[in-house]
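In the part that follows, the structures are each spelled out as structure tokens.
Look at the two complexes coming up: subunit A is in both, with subunit B in one and subunit C in the other.
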Partner chain A sequence: MNNASHLSLILDLSPSQWHLSAAPSNTHPLPFKTFLSHVLTFLNSHIAQMHENSLAVFGALPGKSIMLYSSSDVSGGPEVPADSNAYRPFKLMNSIVARNIEAELELLETMGDEPPVALVGALTKALCYINRITHTTSGSSAEDSAVAADPRILILSVSPDLSSSYIPIMNSIFSAQKNKIIIDVCKVYGADTVFLQQAAHLTGGSYIDLERRDALLQYLVMSFLPPPTMRQFIAVPKQDKVDFRAACFCHKNIVDIGFVCSVCLSIFCSPVPVCSTCRTKFPMKTLQRLNASRPAVPSANGSANGTPRPPSKPATPMSASLR
Partner chain B sequence: MISEGRGGRRGGRTSSARASTSMTTRHALLPFLQSQSQTALTRLYQRPSSCLSIFRLLGPIERQIVMNLLWLEASVPTSALASWVSREGKTPFDDALATLTALHILANAAVKLTLSPAFKTSMRHAVTGGGASASFGVPADLDEKRAPPSVEALDNHALERWETILHYMVSSGTGQTPSRPSQGVLYLLQRSGLMAPNIGQQLQITSPGFQFLLHTPHAQLWELLLQYLQMVEERQMDLVEVLSFLFMLSTMELGRDYSTEFLSETQKAMLEDLRDYGLIWQRKANSRRFCPTRLATTLTSSLPPLPTAAGTGAGSSGQAQGFIILETNYRLYAYTDNPLQTAVLNLFVSVKSRFPNLVVGSITRDSVRKALANGITAEQIISYLTTYAHPQMRKNKPLLPVTVQDQIRLWELERNRVKSQEGYLYTQFASHADYEYVLNYAKQLDTVLWENSAKRCFFGRLEGHANIRGFIERRTGGNPGVNG
Partner chain C sequence: MDPGSDSDSLDEGVLTVRGRNKAARAKGVDPHNDKGKAKAKEQAYAWEANFTRSWDTVQEDEGGSLQGAVEELMARGRRRRLLAPAAAIRRTIIRHLILLLDLSSAMMDRDMRPTRFDLTLEYAREFITEWFDQNPLGQVGVVGMRGGIGERIGEMSGNPQDVLKSLSERHKLEPAGEPSLQNAIEMARSSMSHLPTHSSREILIVFGSLTTVDPGNIYDTLQSCIKEKIRISLVALAAEMKICRELCDKTGGQFGVAMNEGHFKDLIFELIPPPAQRAVARATGGGTTNPAADLMMMGFPTRLPDTAPPALCVCHAELRPAGFLCPRCGAKICDVPTDCDVCGLMIVSSPHLARSYHHLFPVKPYIPISSLDGAPKPTKHCHACSQPFRAQATASLADGMSSLGRYRCPDCSNDFCTDCDVFVHDVVHCCPGCEK
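Here is the complex of A and B:
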């Protein structure tokens, strides 16, 4: 239990969402500056826990994702003037993260239209990074592998679901499961995201929707600071109900009832004669039967517009909603 | 006639072994801190670096509790926080609260939880940076003509100092004369009972000293430092100053030099001692700048990496840690050219041959019995072999051959066949009924260790003697047939 742990933090840096979040019309407006100071304090607490704890910070920006900081590679950072009142590793990390975010946001301002944030890119980078550190250390000796044990990813999300990223997010979840990496999600602003809920649920992490956004730091410290090994002693809040709906492969819509290819398990919002993924041809008879068994009212299928609703699972034998 | 002879073994043997295993769960410094007064601790908590270092010495649940309470202004009912631990976590949680209260980090844990104000303020400063305590060390001005020494130079310095101490210990009494450590170090070794003067007033290693040699460098370092802290009062030094200086060192950065200008008098006096132990480096004794070495900067890490002290003697070869290969046929190959490691191995291995980078030997009954006679336990031998096992050995599961492990333990048990217990032998009872009667009484008192009804005698514990004697006297009303 007293092993070092690794934390990969993914920051959602969508300028438009942060602009909305800071608007005074919110019950608890949270400007980005305040958010960042809370997060940096949280990261300091993570490193303070143990000398050997490692840390990586990734940013999901509109259209691209970058690594903002990694504790295994601090060289090349700015020369931080020594300060006798601050613990140097903290100061170094904070200044690198802040400087990199600033530089990236500066670049953004030149762009006009804002593409959706590359959350998947950041998530994949985080997974690859964890994979790398666990492999390089376990290669040398068994003692060192304890250093990188206990990896986890924390996503601080402000953007809504991007239904086109359903498949890559699912794939990331599966690889995280395989590598026993926990994905924690904190929804700092905006409505619940279905995909990230599933990510937290499937990897054994916790998903938290902030109620008091001005108390962000306290939420972070109490729920996301304990490393996975400690969570058997400390009850970390988990969501009681999870939205398990999936997005179809054809239109990338979130569906209540999906039609699943019996060969490759691709999901479609309506019965198709040929599977677009594996080119399997389905018999005409099945299609007719499926079409007949579909709910008659088109509005029942109308979750295609992606509005959140509690999952309904009709017992249609040939159709399946993905779990 | 009676098997409980007096040629016994000392009973206190296991206590030190237990203390070393509990190191993994609880840091050795914490009990020492707990024994300090509240005012001393509050003074210590004024400095953010001390708070951060102590925080790192705590257990994981304790750290989490501190973090939960750190940013709260109001106090939290204990039951509220307790509802947040799972059922398995109940005992560790209560223990953690007790530890924190004993350290005066928590103000009072009975009803409401709140951090003590001094600790809270300093810990906040430590995490966010700020305040004006200058507790993380004032760096020396940069651009002088002399650059600070490289990290390797510092490592070599620390290694050389540390190994001088250990090597002096291990080769004392063997006739060799390695370089002597300074007078202060010798005094410390003597005070801590690791070495004692023999008849010729030569310092010789004691049985705790042998055990000390088999500990990890991290544990060894803290053992000496704790001893140093015990001596502080006698030397009229301020304990808080000493502790906060050690903690400050542990938060400093390797390879950077710091100014001595802002140190107190006590701390300046400490520089000399710490230089002898290899914790810091100074160009000259009166230099106005100093560099912490890796021994100092890893003081509060929980893993004992200390690559300098644990590494092979050359220090250049990358394969730090492990160098021992142990086979099922009790043969042992140690890839080392370090005289210290060879000497330590020599404590429990009969060395057959030595090559420039390899020592070949075997673990025999005689060699292990020699070690046992020196006060080293079987567990310590096994844990030493485990700690320094070669990376190749790490593929084995279990790491050490079971036969060898078991045999070492058996050899230890061999010495524990006889157990001594003080007591009284009761014989020459007049009749068998008498004997039975007294024996029953003694059994009720639970003091009988051995009985033989054919010979009408039994052996009772020392504590029960007064009662039994009184009982017999009351019964016979005269001089009983008791043989004390």
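Here is the complex of A and C:
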């Protein structure tokens, strides 16, 4: 390993989810304080790995997203009291991250209802930031270009999927894929999120659902600390089953056979005469044909039709996890 | 770091079809390659008149460096692209394209380096990759023109790997003999005749020869193409021919003569973004019924894990562990998107559909901010990448550029830097401020 790597970390800072996470009724309660200390240790080890490694930390807060820390803009940071027992760069970073989170959470307290966290904002900011550092290094001088090699994004998620952000999340995933940015996801609390599963799958990252949440640091160090170039030598856990089914636009139901507008590709669970997204009217003929073919679906499924069924058919239970 | 190659790479993700705007295209022209085609240069054709020499506009800065000038030129080129009207046009999302390559002996000409043939193959591969990226539900077939006949090189396929494979074996494509436009177009036409009406049918011809040997009247072929709504686009490597221009004009395609390597690439890459659907409302008497619009039944498969027990797939009849299950008949398929070989259901994964959504919901263009007088307290950093904005305005910039390098989203009123402005509109397709 001789290339420096860049890590953009996205912290999901939803106060209500963290409150639930800390509840003693969980098998392994994880309060935010413990979480933060694990994460900071992980970030320190990322920096300690190599002097050139760069780091950016983004926070997804309810209704807004901010950059908490970036190793390239560190000048002019706050005063940190000297401590003979701590390595100064670590201390500096830890205090900047902690201070910024604290300041943001304090701002939140005045708010009433908690809007969903701005994960999309944090994700797109991380992408723009990576674009900026890769762009400037390739422009200024060739020997600097190693600094931004191997960029990756790690999302520490506690919130559930937000179905309204489906399209922006997918757009972000595709741009990450296009720029060869790996998205790793660690689900620290809550049910699996289908969008982030797809993000990890499509960008070649790994998605990990914590079993022992009190061992967060170990998961982070073992799975997410090695840069992408090292991954081929290590067996980093990857999820196997990916739910590629879609949610219909009309009811957000999960469908395995849907009706799709050829103009805008909106998905509907039943044949509709007019597309609700682009207002296109569909020909009567098609509607009749589709309506006629619909009842045949279950019977076609039941009859053998002379086609041998692949033996692996019942391998995957149809779990409807997309909301 | 020449402006030509940069604008090529930025053609990815362009939302707006620029039509025949040659001036915008000329920015991508590579200066040092101009001499190669001097023989074809008489100011007779319109495309030559509009050819602006971008290197003449470059000025050195005080330090004698071209860096700033080049950057500014690039930014301007990008900016111009973004300024095109972002009207919500309907686009053909399900496309079918036949790539028709001239494999006649004229392709061995060395006026493009290393040869026209090698360059065409190279660009064709890049084209295919980028095309599938922007048209994930499309299908591409490859036909060659060689020895007076049309030759099927790659079957119509929705899998970029299949198409790339058909183009990978150079020795099988070795140019020979005369080309026949009619034979090749007829072959391409026949392989698209079964397609449903809601999908587009397109032919892209790369033509290096100045002659065509046809068995019959090529205008008959042209007529049937018009009738079947096949859009023919042609990139000529040698010179303009009347029949070539007519094929394109009559079918609504684009015609271009490549002046050099960079221009050649620009011409074919311009055909990548999904074309806007032609205004059909008029034809049907003003109603909103669009004959090209249809409701399609699609199946969303379940992906089997790599650790699943191996089973025979219906596409290759091989034992493999991973794959997708058709939701209607349960057949196991290796790759999506495809039509189920057993029940004929179109099978796509939801990311395939989602990949096209950005064409339908583009990010609004940002407004260039040139003075900070009105704002109470302007932000110091780009909202997306946190880069500090410059405090001093730079002088003399083209229209639509901000002298402060500041661009504001009309919806969330956040300010973004030049780089992020381009990146958000060309690549991410999602404003970091408004999250949509």
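By definition in this document, the second predicted complex is superposed on the first by the 259 of 323 C-alpha atoms of A that agree within 3 Å, B and C clash if a C-alpha of one lies under 4 Å from a C-alpha of the other, contacts with A are read in each partner's own complex, and residues count from 1 in each chain.
The working rule: a contact is a pair of C-beta atoms (placed from the backbone, for glycine too) under 8 Å apart; a residue touches a chain by one contact, two chains touch by 3 or more.
Fair warning: this is a prediction, and the values are worked out from it, not measured in the lab.
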Practice item. Would you sort A:A292 into first (subunit B), second (subunit C), both or neither based on which partner it touches? Key: neither
Exercise for review: Using the touch definition from the top, say if A:T41 reaches subunit B (first), subunit C (second), both or neither.
Suggested key: first
Review point. Which partner does A:C264 reach: the first (subunit B), the second (subunit C), both, or neither?
Key: second
Practice item. Using the superposition on chain A described above, determine whether A:I234 touches subunit B (first), subunit C (second), both, or neither. Key: first
Exercise for review: Using the superposition described at the top, determine whether subunit B or subunit C touches more residues of subunit A.
Suggested key: C
Check your understanding: If you stack the two complexes on chain A, which partner ends up touching A:R132: first (subunit B), second (subunit C), both, or neither?
Key -> second
Exercise for review: Please indicate which partner A:P168 is in contact with in the superposed arrangement: first for subunit B, second for subunit C, both, or neither.
Suggested key: second
Revision key, fill the gap. The intersection of the subunit A residues contacting subunit B with those contacting subunit C is none
Review point. Can you name the residues of subunit B that touch subunit A in the complex?
Key: 24-25, 48-49, 52, 55-56, 59-61, 63-64, 67-68, 70-72, 84-86, 88-89, 92-93, 125-139, 251, 253, 256, 262, 298, 300-303, 321-322, 391, 394
Check your understanding: What does subunit C use to touch subunit A in their complex?
Key -> 1, 12, 71, 90-91, 93-94, 133, 137, 198-199, 277, 287-314, 324-325, 327-332, 336, 342-343, 345, 349-351, 353-358, 360-361, 382-387, 417, 419-420, 423-424, 427-433, 435-436
Study note, to complete from the structure: Contacts from subunit A onto subunit C in the complex sit at residues 65, 67, 70, 73, 118, 120-121, 124-125, 127-129, 131-132, 135, 139, 165-168, 170-175, 178-179, 198, 202, 240-246, 255-265, 267-268, 271-272, 275, 277-283, 286-287, 290, 293, 297, 300-301, 305, 307, 309-313, 315-316, 318
Practice item. In the complex, go through subunit A and note every residue touching subunit B. Key: 1-2, 4, 41, 44-45, 48-52, 82-88, 90-91, 94, 140-143, 146-147, 217-218, 221-222, 225-227, 230, 232-235
